[in-house]
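First chain written, first letter: the chains are A, B, C and D, and each begins at residue 1.
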Amino acid sequence: VLHLGGSVVELAPGRAVLRPPFRAELAQQHGFFHAGALTTLADTAAGYAAFTLMLEGAAVLTAEFKTNFLRPGRGAAAVARAEVLKPGRTLMTVRADGFCAPEDGGAGELAATMLATMAVVRDRPDVPPG
Amino acid sequence: VLHLGGSVVELAPGRAVLRPPFRAELAQQHGFFHAGALTTLADTAAGYAAFTLMLEGAAVLTAEFKTNFLRPGRGAAAVARAEVLKPGRTLMTVRADGFCAPEDGGAGELAATMLATMAVVRDRPDVPPG
Amino acid sequence: VLHLGGSVVELAPGRAVLRPPFRAELAQQHGFFHAGALTTLADTAAGYAAFTLMLEGAAVLTAEFKTNFLRPGRGAAAVARAEVLKPGRTLMTVRADGFCAPEDGGAGELAATMLATMAVVRDRPDVPPG
Amino acid sequence: VLHLGGSVVELAPGRAVLRPPFRAELAQQHGFFHAGALTTLADTAAGYAAFTLMLEGAAVLTAEFKTNFLRPGRGAAAVARAEVLKPGRTLMTVRADGFCAPEDGGAGELAATMLATMAVVRDRPDVPPG
């Protein structure tokens, strides 16, 4: 378990869970999490999950992702869970789900699901490792 | 041309161009625009483009989007251009491109392209019109 | 369990499994299943899964899908498994996985995974129910 | 202009147009082109477009694609047009559009649009060049 920029990150081989601190700017003005904010959260978790399977010195870049938004992401907190479906030498396919916990403390609901392709890059001076 | 939250928004039927002010939090720590930030920008432009074709009282929700990242989004400014490919009564398919202008003032490059499905909703008390 | 066009279809609420008969035209010339063939199979299973949750008289249309191809789809048989992630009155989000069974009779591997949006349509004379 | 398997293929650097012969199995039972058939057509055109920019000895594999279906693909003929948006050494982003020409001989309509990631592979004995 890491603490990065206020976020809690749980890592296991091919998996990552990301729990950001509540930040007002993540929420829409009507109490919903933005599509963009949920996507950013899921993309970050996907990158961490891919990173757990990469060789030293390699970096990860998001090649593409697709996100379906299932429910209005309402609530007090959001969590992203990512899993590498297929590791590869140059590409990794990752699924990441975004959950939102309601303000009444109930269990989180699946608010968004992402399917992403992460590119493993090496020897790119413009992309720092990690 | 509107000015919303510091952003300049150009609207035409089925089209929108969004030019946000430079905001440090949009940039990665190494001078790149985040995948998530470019996606949020493109999604917002897509929503505006869909909104230009909607009847009064309707609201737009992002059902899903997919973004391909073509180049590192480096530079001083980002712009999103969105176009409705197919308007519909309940669904609109929108393409949105994200461009990044280099710091040397050169022309912007296509950094990301999005294909999105926007849902037109009515009579949803939890989703405010507009 | 239905038998439709030579295929075996297992249905449960929100779920479908589709096992087509081996057809030579599904296979690439080098013994792989085509990306397009796996996608067609997954899309069909996704449509069946959505159909199990629809009211009588409604029909399902594929609004969009995205498929990631994880491994070369080699083998003697393919199976698609679909699950509705979020049923809705006008839209359903469905995940569908395509598995390929190797010719030596071993267990099937996940060859492709799809995330799809199905539109529920009513009163469209050009789209027959079911 | 090539003639392959009954199809006409027009190639230019980074572009391909694919015009298959009318085949009954492409059409739905109600006179529409299947989502899967349009996707297969677009994916094939995308592969040809990527191939025009590849070095000798390399092969192309579809890593992923996403297709939005804009209109019922009705008519007598379908055409796919593909364009490489970003060529790369290991990945190419390609857009491919599927058009359907109505039976009355009118101009074709955009029926589907695809955004695809093609992987450039080398030295893979299981994937033949081309």
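One rule holds for everything that comes next: a residue touches a chain if its C-beta (ideal position, glycine included) is under 8 Å from a C-beta of that chain, and two chains touch if they have at least 3 such contacts.
What you are looking at is a predicted structure, and each value in this text was computed from that prediction instead of being measured.
A.B. asks: Of the pairs A-D and A-B, which shows more C-beta pairs in contact?
C.D. replies: The comparison resolves to A-B.
A.B. asks: The A-C interface: which of B-D, B-C or C-D repeats it, judged by over half of the contact pairs being the same residue numbers?
C.D. replies: B-D
A.B. asks: Express in whole angstrom the distance between the two chain centres, defined as the mean CA positions of chain A and chain B.
C.D. replies: The separation of the two C-alpha centroids amounts to 21 Å.
A.B. asks: Using mean CA coordinates as chain centres, what's the chain B-chain D distance in Å?
C.D. replies: 27
A.B. asks: Roughly how far is chain A from chain D, going centre to centre by Cα mean, in whole Å?
C.D. replies: 32
A.B. asks: Can you list every residue of chain A that touches 2 or more other chains, as numbers and ranges?
C.D. replies: Touching at least two other chains: 63-64, 66, 68, 93, 115, 117.
A.B. asks: Which bits of chain A are touching chain C when the two form their complex?
C.D. replies: Chain A residues touching chain C: 66, 68, 70-71, 85-86, 93, 95, 110, 113, 115, 117.
A.B. asks: Given the complex with chain A, which residues does chain D contribute to the contact?
C.D. replies: Touch residues, chain D against chain A: 63-64, 66, 90-91, 93, 115, 117, 119.
A.B. asks: Which part of chain D faces chain C closely enough to touch in the complex?
C.D. replies: Result: residues 30, 34-37, 39-41, 43-44, 61-69, 72, 126-128 of chain D touch chain C.
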